[in-house]
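The following blocks contain the structures, represented as C-alpha cells.
Shared between the two complexes below is chain A, which pairs with chain B and chain C, respectively.
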Partner chain A sequence: MKKVQKVEYMFEFLRVFLGIVIAFLACIVIIVLISEESAGDAVYNFVVGPFMSPRRFGQVLARYAPYLLTGCGMCFIYACGRFSLISEGIINIAPIFALIVMFKTPLMTNLPQFVNLIIIIVVCAIAGGAFAMVPAFGREKLGANEMVTSTIMNYMCLYLALWLLKSTVADRGQSFLTSPIFPDNMRFTRYWGDTNFTSAIWVAVIGVVVACILFYRTPLGAKIRMCGSNLSFATYSGINAKKMMYLAQLIGGLFAGVAAAVDCFGTYNSYYYQILTNVGMDGLLCAVMARKQPLFVPLTAFVLAYIRTAAAVLNANTNIPIELVTMLQAVIVLFVAAEEFLGKTKRRVIFNISREEEAVKVKEAKSNA
Partner chain B sequence: MSKELLRMEGITKIYGNGFMANKDVTFSVSEGEIHALIGENGAGKTTLMKILFGEEDCQNGKIYINGEEAHIANPLDAIAKGVGMVHQHFMQVPNLSVAENIMLGIEPGRGMVFDKKKAIQLTTEAAEKFQLHVDPNTLIRDLSVGYKQKVELLKALIRGVKVLILDEPTAVLTPQETAELFVQLKVLRDQGYGIIFISHKLEEVMELCDRCTVLRHGRVTGHGDIKDLDPVKLSRLMVERDVVMEIEKEKSAPADIILHVEKLNYLNDLGKHMIKDLSFGIRAGEVVGIAGVEGNGQTDLSEIITGLRRRTNGEITLNGTETEGKTIREIRDLGLAHISEDRMKYGIAPDLSIRDNIASIYLDNKQFTKGPLLNVRELNKFVDHCIEEFEIACTGGDEAIHLLSGGNIQKVIIAREFSSGANLIVANQPTRGIDVGTTDLIRRLLVKYTREKKIGALLISSDLNEILEVSDRLLVMKDGQIVAQFNDVKSVTAEQLGEYMLGVKSMTPEEMGDLF
Partner chain C sequence: MLEFVSNFIYSLIRISTPLIFVSICSTISQQAGLLNMAAEAMMLTASLGGVLFSAWTQNVWLGILGGAMTAVLIALFLCFATFVMKVDLYLMSISLNMALLGGTVFVVYLVTGTKATTAGVIKSLALGNVNIPLIKDIPFIGSILSGHNVFTYLSIVMVFVVWFLLFRTKIGLRMRAVGQNPQAAESVGINPRRIYTLAFALAAFVGSFGGMYLSMGYQNFFIRNITANRGFIGLAAATIANGMPIGSMLMSFVFGLAYAVTNYLKPYVVDQYFLTALPFIMIVVLYFIMSFWRSKQADRLLKINRQRLAEEKERQLWEEEQAKVKKSAPGSGES
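Take a look at the complex of A and B:
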C-alpha cells in the first residue's frame, strides 16, 4: 500500500514538473525558430533575464504577491467544486471603493501609512467578497452556472470600475482615465530604490499563511474540501453543503479583494487598469497547477510570475512578442490539467507493484505450507 | 416445439477478482416465447445477459443463434446478430425527439444530411407494426417512464432483433404501466419474437412467462414450463441459505423505544408509491432486521430515516423528537449513525485521507476543535485509536482512502459511525461485496454494541445469512409494506423467508403482532 501511495505522489509531481519543463522547452524551440537576430540572445533573455537586475527581479516579486493571493483564493473556490472566475473582475472593481474612501472622504488624509493600508485592504476585501457573492447566489439559489455568470460579470466589473472612476475620483489633469497619484501614506512602500517590489509582499505572505491554516486546520476548510471531493458524502455527513459553497466563494472573493489592493496600491502610482488585468485568471492557473492545495501555491505562483516577467523582458529586448507566453501557459495548463498525462505509465508501475506483492504473498504462503 | 432462436451452453464466467459469476449455465429461448430468468440479487442473471449482449466475455461456453455458433464481440455485434437489450436505465438522449432517439446511429438520409421526415415516417410505421404507440415528435425528456420504455423497445425492434432482453423492466414502472407493458410483450410474443424477462417478482413471472430458468449463486437450479411450476417451488429454487457462520449472542432485552415510525408514506420522483403506510419501531438493545427483495422500499426507508430523502407523509420520531424538517446534522445529533448501502457515493470522499474521512461527522464536535481551529493532535489520536481498534490495514491516517481495499474502506466507515455515540445505527447492506473477515467483524460489532451499549440497530440486508444470524427481530418488506414479522428469528428457515419475500405468502396484522 505504502508503495502505491508513493508512486501516486511521484507521478503527481512528475506531471506538474514535466508539464512545466515541456512547456518551457517548447517555448525555447519557438523562440529559436522565430527570432530574427541571434537565437542564443533571445533564449538567454528569456531564461535568466528576470534575474539580471533588481528592477527585473522586483517585477517578478511584484507579480508574485497578487498571484499568491488570488491563487490561494481560487484554491478554496476550486476545492469546493465551484469554478467562479470572478477574481478577475474584482481586481478591477475593488480598488475603486478604496479610492473613493481615499479621495472623497477626509478619513485617511492624516492617518499613518500602516493604518491606511489596513483600511485599504479591508475595503478592497469587503468589495471583493460582495462581488463574489453574486455568481455564488446565482448558482446556489437560481442554478445559473457560476462560470458563465462570473465571466460575464468580469466585463461588467471592468466597465463599472471605469464609470465609477470617471464619475468620482478621476484626475482630470491627466490625458488618460486615471485616479490622482496615491499619496505616500496611502500606498505600499517601494523597496530596492524605485522597483515595483513593495511591502505588499508581506500582506501576501500573511495571506498564504492564513489560507493554509484555514484550508487545512479549521473545520471550515475541512468541510469545504469534503464538499468538493464528494458532495453526496458531505451531505450524508451532515455538512451544510450550500453554506460551504457560499463560504468558499466568499473566501475566494475576499482573497481576490486583497490581491487587488496589493496590486493596485503596490505596483502602480495611480489607478491604471483600463482593461482586464489577467491577475485573476493567473490565480486560477496557480491553483490548478498547485492541484488546489494552497501549500503549493507559493511555488506555482513564482513560476508564473517568473515566466510572465521573462516574457516582458523578451518583449523589450528582442523582436519576440509577449503573446508567446500565452502559448506557453496553454501548454502548461494542458499538461498539468490533463489527469491522464503519464497515466498509462503510472498504472503500469502500480500494476507491477501489486503483482510483485502478490508474488511475495504466494511465496510466503507456500513456504508456510 | 417451435424453433430455437438462441442457445447458450455451458457458460462460465469468472471475474478479474476471482469471483465466479456463472458456472456452466445452459439457457435457451425459442421463437414466440417469453422466457423468465429469475434469481436473487447477485445470482448472475445480469452477468449472463451481459455476456449474451457482448458487454462481457466469458471463459467457457458457446452461444448459438439460430442453430449456428456465434461469437458476440460487442453490443453492436449483438444487435447485428439479432439480440437486443432494454436496460434498466434507458439509454436515451433527453433533448432529442422520439424519432431522433430511435434512429440514433441508423439515421436515414444521404451523407451528412439527416432526413427527419423519413425518420418520422419509419418510426410511425414501426410503431404501427409492433403496436407500440408513440408520438415521434415528442421530446424524450417530456415522457413518462413507461413511455420511455416503449421507445427503448422500439429502438431495439427497429434494428431487426429477434431476441429481446429486458433487464428488470418492471422495477421502475407503476402497476398500470406494468400491465400495459405485459400486453405489448404478449403481442410481440405472438409475432414470433423471443423475449428474455429478467425479474425477481414471482407473480409477474407467473402471469407473463411461458418458461423459466432459475439461477442461484451463478448456477442453474431449475428450469421448465411455468405451467408445471408453482410459486412455492420457484421460491425454494431461488432462495437458499449457504454455510452458516454462527455468531454467539445473548438473548436481546429490548428496552425503551428509540425509533418510532408511524404511517410512513413515500412517493418517488416518478410518482411510484414506494412506501405505503409503514409503521414499526426499534428499541434499545435489539437489532431489527429487514429482509426483502431489493427495490421494495428498503433503501427509501433507510434514506428517509437518515434524512437523505424527504418523506411524503407520516411520522418518524428518534429518541422522542420528530425528525420532519430537520437537517441531516440535526438528525445525527439526535443520536443517529448511518452506514449507507452505497459505500463509494455516500460513505467516503475517495481523494481525501483516512483522517478526513473519519473526521467528517466530528467537525463541529467540541472535543476536536480549539476555538476556530481543529484540534489536530486530539483528532490524530482519535484516528489512530480507530485504526487500531477496528484493525484498519493502512500505513497511517494520512493515507488516501481510495488506496484501501473495499473491506478496509468499510472499516473506516464503521469506525466513524460506531464511535459517534449514536444510539441508533441504520446499517444498509453493511457487508455487501466485502471479504469474509470484515463481514464477520461488522456482524459481531452490531451484536456487541446493541448488547453492551444499549443501542438499537436497523439492519437492511439482502444476505439471508446475515439477516437471520444477526437480527433479534425480523421484518419482511414487500412492495413498501411489512408483510411478516418473526420474533423468534432462530427458528425461521430461508424457505419460509423466501415465500414472504417473494410474495407467495403474507401475514395478517394479527399474525405479525406488535411491530414496535
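Take a look at the complex of A and C:
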C-alpha cells in the first residue's frame, strides 16, 4: 500500500514540476519568436535577470512574503471546498483600518517599532477576517454562491478603500490619492540598504509555520480537510460542517489580512493601491500549484514571485510587454491542476505495482502451503 | 425636464445593453447547471477579435462572425480543460479571465506596437445607430426607443430567442435536465459533457456580442480592459434572477440604472469613490436578500410537501382501516 502512495506523490510532484517547466519553456519560445534581433539578451534578462542585483532579488523576496501568506490562506479555503476570492479585496481594504489607527489616534506615535508592527498586523488581520465572513455568511446561511459574492465584493472593497482613504487620512499635499508617508517606527525595516526586502519576510515565515501546524497537526485542520474531500462522510461522522466552512474562510481572511499588512507596510512607503493588486489571485495560483498543501506553498510562491519579477525585468530592459506572463498563467494552471495530465501513465504504474505485489503474495501463500 | 428624462432613459438602455448580453450568456450556462465565470474572458476576446477581423476583412458582418468564433474557441478550450483534462472548472475560468486580460493587451501590442488601444492604428468597422421608421415620430417614446445601436435591438431579440431555446426546444429541455440532475439525465441517455460543452459554446456566442457592442458599437476601437468587470456583473444579474432570461434582462436594467445614476451624479458629488462603490454594494445586498427569500421559500415548500405527505399517509392508513372494517363486517354477519 505504501508503495502506491509513494508513486502517487511522485506523480503529483512530477506534474507540478513539468507544468512549470513547460510554461517556462513556452515563455522562452515566445520571447525568442517576438524579439527578432536581441533574442539572447531577452532570454538572459528573463532567466537570470531577477538574481543580477540585490535590488532585483529584494523585489523577488518582497513579492514572496505576501504570496506565502495568501497562498496558505487560500489552501484552507480551497481545502474545505469553497471558492472565496475575497483575499483580493482584503489586500486593498485591510491596510486602511491600520492607517486610521496610525494617523488618527495617538496610540502608536511613541511606541517602539515591534509593538507597532504587532498592532498593525492584528488590526489588518481582524479587518480581513471580518470581510471574509461576509461571503461565508451569504453561502452558509443564505445559500448565495460565495464565488459571485466575493468577486463583486472585491470591486466594492477597492472603491470603499479609496473612499475611506480620501475621507480620513489622505495626504492633501500629494498630487495623487495616497496616505502620508509611514514613519520609521510604523513600518517594516528595509534590509540590504534600500531594497524592497524587508523584515516582513519573518512574519510570512511564522505565518507558514502556523499554517502548517494548523493544517496538519490539529483536529481543526483535519476536520477542514475532511469536509473538503468528502462532505457527507464528514457530516455523518459528527463534524459540524457549517462551522468548519466558516472557520476555514475566517482563517483564509485572517491570512489575507496579514498579507495585506506585509505588502502595504513592507514594500511601499505610503498607501499606493489604486487598482486591484492581483496578489489574492496569485495566492490562489500558489495554492493550486501546491495542490492545497501549505507545506509546498513556500516552493510555489517562490516560483511565482520569480516569474513575476522576471517579467518586470524583461518589461523594463527590452520591448517585450509584461502581459506575456499573465497569459502563461493559464498554461500553468492547465497542466498543474489537470487530473488527466500523466494520468494514464500513473494508473499503469500503480496497476503494475499492485500486480507484482499480488504475485509475491500468491507465491508466499504457495510456499507456505 | 422631459428631455432630461428621455435622455436619461436613452442612456440607461445604452449602458444596459452589454449587461443584457452577458446576463443572457450566463443564463444559458446556469440552466445547464454551471456558473459561467469565464464570461469576462469571452467578452474580452470577442471584442478584440471583432475589431481585428473587421479591420482585416473590411466587412462588419464578417468581423462580428470572427469575434463570435474567437469567443466560442475560448469556450471550447475551457470545456477541453474541464471535461477532458479534468481541471476544476471555476479555477480554469478564473485563470482564463486573468490570462486574457493580459493576453488581449499582448495581442494588441503585437499588432499595433502600443499597449493601450487600437484606435488610430487599426481601421476597424462598427455598426451604426438605427432609426425605427414609425416609432421615431412619436414625441417622447420615439426619442427613447429609436436611434439605438443595432446591438441594442439585437440584445432584446436575443433574450426571447434564448427563452424560446431554453423552454420550448428539445435541446433546451436537455440542458435544463442536465442542470437539474446530471446523473438522472445520463441514465436516460443524455451525455452531460456534450450538453455542457454545447451550453458553454452557445453562452460564448451570446456573450461575445456584449464584448463586440463595446468595441464595435459603443466605440469603434479596443482599449485594454474594455469590459471593466461587466462580465461579473452580468453573472451576478443572472444568478440573482435564478437563470431566467426575462428576469436577467430586468436585473440588467436595474444594474444599468445604478450605473446611469452614478454617472449622472458624478459631477455634482465630491466623493465619487463611494458613488462608484454603490452599485457593487447594491448587488451584494440584493443578492443576499434574494437568496434569503429563496431559501425561505424552499423551506416553506419542504414544509408544505412534508405536511402533504403526512396527510396522505394518514388518509391511506384510514382507508386501510376502513377496508378492514368493511371486510370484517360482512364476515361477522355471516357467522
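Going forward, the second predicted complex is superposed on the first by the 352 of 369 C-alpha atoms of A that agree within 3 Å, B and C clash if a C-alpha of one lies under 4 Å from a C-alpha of the other, contacts with A are read in each partner's own complex, and residues count from 1 in each chain.
Here is the rule we go by: a contact is a pair of C-beta atoms (placed from the backbone, for glycine too) under 8 Å apart; a residue touches a chain by one contact, two chains touch by 3 or more.
Keep in mind it's a predicted model, so treat the numbers as computed, not measured.
Colleague: With both complexes superposed on chain A, which partner does A:Arg225 reach: first (chain B), second (chain C), both or neither?
Modeller: first
Colleague: Residues of chain A touched: more by chain B or chain C?
Modeller: C
Colleague: Once chain A of both complexes is superposed, is A:Val349 in touch with chain B (first), chain C (second), both, or neither?
Modeller: Neither: A:Val349 stays clear of chain B and chain C.
Colleague: Answer with first, second, both or neither: which of chain B and chain C does A:Ile28 touch in the superposed model?
Modeller: After superposing on A, A:Ile28 lies clear of both chain B and chain C.
Colleague: In the superposed arrangement, which partner chain does A:Val101 touch: chain B (first), chain C (second), both, or neither?
Modeller: A:Val101: touches no partner chain.
Colleague: Let me test your reading of the model: by the given contact rule, A:Glu8 touches which partner, first (chain B), second (chain C), both or neither?
Modeller: first
Colleague: With the two complexes superposed on chain A, say which partner A:Thr149 touches: chain B (first), chain C (second), both, or neither.
Modeller: second
Colleague: Just checking: does A:Ile213 make contact with chain B only, chain C only, both, or neither of them? Give me first, second, both or neither.
Modeller: A:Ile213: touches chain B, not chain C.
Colleague: Please work out whether A:Ile239 is in contact with chain B alone, chain C alone, both, or neither, and reply first, second, both or neither.
Modeller: A:Ile239 contacts chain B only, not chain C.
Colleague: Of all residues in chain C, which touch chain A in the complex?
Modeller: Residue list for chain C touching chain A: 35, 37, 81, 84-88, 90-92, 94-96, 98-103, 105-106, 109-110, 115, 229, 232-233, 235-236, 239, 271, 273-274, 276-277, 280-281, 283-284, 287-288, 290-292, 294-295.
Colleague: Write out the stretch or stretches of chain A touching chain B in their complex.
Modeller: Spelled out, the residues of chain A in touch with chain B are 1-2, 4-5, 8, 213, 217-220, 222-223, 225-226, 229-230, 232-240.
Colleague: Touching chain C in the complex: which residues of chain A?
Modeller: Within the complex, chain A contacts chain C at residues 34, 83, 85, 134, 138, 142-145, 147-149, 151-153, 155-156, 158-160, 162-163, 166-167, 278, 281, 284-285, 288, 321-330, 333-334, 337-341, 343.
Colleague: For chain B, which residues count as touching chain A in their complex?
Modeller: Chain B reaches chain A through residues 306, 308, 327-329, 331-333, 338, 340, 345-352, 356, 359-361, 363-364, 369, 372-374, 376, 393-395, 399-400, 403-404.
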